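The first chain written gets the first letter, and so on, giving A, B, C, D and E; residue counts start at 1 in each chain.
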C-alpha cells in the first residue's frame, strides 16, 4: 500500500491486471452507483470500477483541475452544462435518473396541515405561518447546492421567496438540511424525496413542491477518460433496464413524469 | 562568646530532609539548636548545606521532625504543621542566584517589594532600589537582563533582591564567592552594618574562614 | 621569574571586543602579549574577564584587531580571518558552568570526548570518565542531572568536562569558587599536576590571591 | 465585488468569532495546561489525550456531536434554553465550534511550556513572599508565555478557517452566522473563483496582520551571550 | 458492523497518511522553525505569517488551491506527471493535503522552542569541539524537543482528522483514498449513526493510544529542586 505511486492508476491496464475505471458521482448517488458498478463488474470480469463521491460542485472543480476520471455523474443539469462549457465532456451528457423536491418537517412538529402530503398552496400557507412565528427554514445554498437551487425555484413559483428569505438557514449539502430538520433545530426544510425516505421516523413530508424543470441527474463520459471504450460501455450500462431497476429501488424516478 | 540563653533559641532544628528517590537518595539529619544570631555554616561540597537552608526557607519539606525560628514553629510533622515559604518571611539567597530571566536587574531587585499580580514596572523605580543599585555597584547593569551580566553582578543582584524583600532573617548561600576580594570586603562590611542596624539573624554558608570569622559568632560544620 | 622569550608568545592579543548595543554597550580593549604558560587574570567584577576568555575561545568575535595562540592566528579582522570555536580546541570552562541540562553528570563529562550526532549513552561509560568521576569526587552524583546536584558538584562537573575534551589550552573562569577549602586545595593540586604532565597553557580567572600564586606564573589585572 | 457589505459583514463576524474563541481558549486552555502540568494523578495523561480529540474528528462530525449535545433536543439543550442561551443558528454557536476545534492548539503547548518552566524560579518567588497566584502571573506565565502565545495564534488562525463544525451548528445565515470561511467555501463550491479569491485575500491579510502584530508586541527576549 | 474490512482498510489508510504527513513535517517543520528562529533578515516575520496561512483557509478551499497547483492542468501538474508522480485520486494526494494542513502546527512551536533554547549551551558544545550539526542534534534539538513533539502530536491528530482538503485532492475511493475521516463524514451524512460511531471510536482509540505512547516515550525531565 505504501507504493501508492505505482498502484493501479486510473484507466491503465496493469500487466495482466484488471482495467480500472473511475466514476465521479454526486454524493446522493454514492450508494446506488456503487451497487450498480458491482453489477457491472460481475457482468464484465476484468473490469473494476472505483467510485469517488462528493458534492457535484466539488467534483466539477476536481475535473477542471485535471483529475483523471472516466465518467461524471452530476446531480443536476446546470453542473453538467458547466462541465460541457469547460470542454471536459466527450459527447453529449445523458439523463440518468430523476428526483422530486419535498418540503419536510420534524416528525414531532405540530400544526401541520391534514392530510399529509398537503397541496402546494396549503404548504405555502403553513410555511408562511411558520416563518411568521420565527421558525428557521433549512435549505441548501442555491449557488452551490443543487437542492437549494431547486428550492429557490419552487419558492419563487409560490411567490414566497422574498418573504421567507430572512428565515432561511443554508447548509452545505442536502444531507445537512435533512439532519437539521430531523433534530428539530429547523422547523422545515427542502430536500429530495430520496433523502426524506432515509429517515421516515424522524421527518414527515409536508408536500411535494412543483418545479418548472424536472430534477434530472446526468451522466457523461469525460474527454480525459483513459479507457474510452470501457467507459462508454459502463455509460450504456447505467441506462440499461437492469441498472435503472436498481435506481428505482433506491427511490429515484426513472422518467421525468410524475 | 557565650550564648545568652534567655528565651528560645534562634533556630531549633530537629528533622530529617531528603532529596531524590530510590537508592541514590540523599538524606540529611539535623538535631541542633542555634543560639547565636549569626552562624556560619561550613562543610564539604555536597554535604547538604543548601538543602538545610532550603528546608528552613520552606522550599523543601522535612520528611519528619520539627523546626522553629525564634520560638515560632515553622514545621512540625507530628502536628501536621507546615508554614508555607511565603509566610515565613525568611530571606533565602540561592547559591545559583535564581534570578528571574524575564526581569531586568532593577526589576529583580524590586521583585520582593511589591505584592499583587504585576511585576515591578521597567521605568518607574522604587527609591530603595535606587539606593541599593548604588550600594551594590549595579548602576550600570540596572537595565540589563540576567543573561547579559557578569557572574559577580548576578550574585550581587541576588543578594540585593533578598535584602530588599525585608526578611526577618537571612539565609545566605555563598553570597560572595563570585566577587573579587575588594568588593567582597566592601559588601560584607555593608552587610555587617545592615545586620547590626536591623538586628537580623543570619545563617551564612561560606568556604572562606576569614569571612566566617568576621561576619558570624559561631561556625557550625555539616 | 623571567619569561623565556624564545618563539612566539603564548597569547598575542590586540583587539577590541564589545557586548550589547547602544549607549550601554560595554567595550573591552586588550593589547598585551602573554609569555607565561600560566597566567592568572584578576580584576573587579564586571571588568570583562569573562568577556576576554570568551573572545579567546571564539564565542565572541572581536570587533576589530587580532589574536593568536602560540603563533597561530585565531582571528584577524584585517585579513578577515576567523577560526571557529570548534577548531580552536581551547578548553573554556564557563563561570556559570553551562552544563547540559538534559545529560547526567557522567554524560556531561563525556560530552567532548565523542564526535558525531549522538550524545554519549547513559549506560556505557568511557573509562577516562570513570577515572575523573573519582578524581572529582562525583561518583555519587554520576547519574544525577545538573538541576539535582549541589553548586560545588556542578562546578566540578564543568571543570571535568573541559579537561576531558582534550584541549590545547585551558581558559578557566573561577573554577574553584564554589568549593570548600579542602576540596579546593585538592583539586588545584590535581590540576597543577595535570598541567605539568600535559604541559597545557592556562589562563585562570580567580579572586583568590593564594590560588593565583600557587597555580600560575604571572598575574594580569584587567 | 460591487457590494462592500458582502466582504465587511463576514469579516466582522469572523473576527468576532475568532476573537471570542481565542479569548476563551486563553483562559481555558492555559488553565487546563497548567493543571495537567502541575497536578500528579494517574489518569492525567489519559485526560490529556481525550482533550486532544477535537483535533482528530473531521470538523463536520465534531459539529454533529456538538449539535447532539447542545441542540434544542440535545442533552444540554433544555438546560441551555432555560438559561436563555441559544446556540444553534447563532453566532454563539460559531464561537462554541471554533473554541472546541482550537482548544487543543492552546492547551497542549501550554502544558508543555509549563512543564519546562524552572521550578526553582517559582521557589525564588515564594521566598520573596509572592503568593501562588502572584507567582503564577509574575513568574510562571511570563516564562511560558511565548509558547502559549504561539498556540493562541494558531488557535486564532484555525478559528478564522473553521467552517465544518461552524456550519453544522450555526448554519450559514448571511449577516448573522455567515463567516468569511463559510463565504469562501460557498464561493468556491459555486465556481465563483473571483469572489472566493477576494475573500481569501481578506482572510489572509487579517491573519498575516494579526501574526505580524503579535511578533511586534512580543519580540523574543534579547539574545543572550553565547559564552 | 459485519464487514471488518470496512473499518480496517480506512484505518490503515489513515495511519499511513497521518504517519507520512507527520514524518514530512518533522523534517520540514523543524527545519523551517529552526531557520526562522536563527536567521536574521527583515522579511522573516512576514514569511512566518505566510507559512501559517494553511491554518486560516477552510480545508476544502485549501484543497481546491492545491488541486489547481498539482492537478493535471495545474501549474505543477505536467512537471509532476513527467516525474511519474500521480497525486489526484491517490493516497499521495491525501498525504500532501494532510502535510500542508498540519505544517503550521509543527513549524510554529518549533520556532518558538528554538528561540527559547539557551544560546550559551550551544556555545558550550562548540568549545567542546562539536560541529554545527552535532550541536544541533545533541544540544539544541533535545532542548527544544518537548515543544516540537507536542506540535507533532497535534499534527498527527490533525492529519487523522483532515478530510476537507483530502476529499478535494484524493477523492473518496473506498480502499484507496477513503480514510477514516472521510468514512466518518460520509456515514454521518448518510444518517448511519451506528457506523459513524464505530469509526469515531476507532479514530479516538488510535489518537489516544498514540498520545499515551508519546507520553510514555518522552516523559518530562525529572523535576528539579524547587530551591
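Everything below uses one rule, namely that contacts are C-beta pairs under 8 Å (C-beta built on N, C-alpha and C of every residue); 3 or more make two chains touch, one makes a residue touch a chain.
Because the structure is predicted, anything quoted here is derived from the model rather than measured.
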| item | value |
| --- | --- |
| Chains in simultaneous contact with chain A and chain D | E |
| Most contacted chain pair (by C-beta pair count) | D-E |
| Chain of greatest Cα-centre distance to chain D | C |
| Most distant chain from chain B by Cα centroid | A |
| Gap in Å, rounded to a whole number, between the CA centres of chain B and chain A | 78 |
| Mean-CA-position distance for chain E and chain C (Å) | 43 |
| Centre distance in Å when chain B and chain E are each reduced to the mean of their C-alpha atoms | 49 |
| Distance between chain centroids, defined by C-alpha means - chain D, chain E (Å) | 19 |
| Residues within chain A bordering two or more other chains | 58, 61, 176, 179 |
| Residues of chain B engaged with two or more neighbouring chains | 19, 50, 54, 57, 59, 92, 94, 96, 147-148 |
| Two or more partner chains touched - positions in chain E | 60, 64, 118, 120, 123, 126, 224-227 |
| Touching residues on chain C, where the partner in the complex is chain B | 19-20, 24, 42-46, 49-50, 95-96, 137, 140-141, 143-144, 148-154, 156, 173-174, 177-184, 207, 209 |
| Chain E contact footprint on chain A (complex, rising order) | 1-2, 4-5, 7, 9-10, 22, 24, 27, 30-31, 34, 50-54, 58, 61-62, 64-69, 173, 175-176, 178-179, 182, 198-199, 224 |
| Residue ranges of chain D touching chain A (in the complex, touch as defined) | 64, 67-68, 71-74, 88-89, 167-168, 171-173, 178, 185-192 |
| Chain E residues touching chain C - in the complex, by the definition given at the top | 120-121, 123-131, 133-134, 137-139, 142-143, 221-222, 224-225 |
| Residue ranges of chain E in contact with chain D within the complex | 45-46, 48-50, 52-53, 55-61, 64, 104-105, 108-109, 111-113, 115-116, 118-120, 122-123, 126, 146-147, 149-151, 153-154, 157-158, 160-164, 181-182, 184-185, 188, 196, 200, 203-204, 206-208, 211-212, 215, 220, 223-227 |
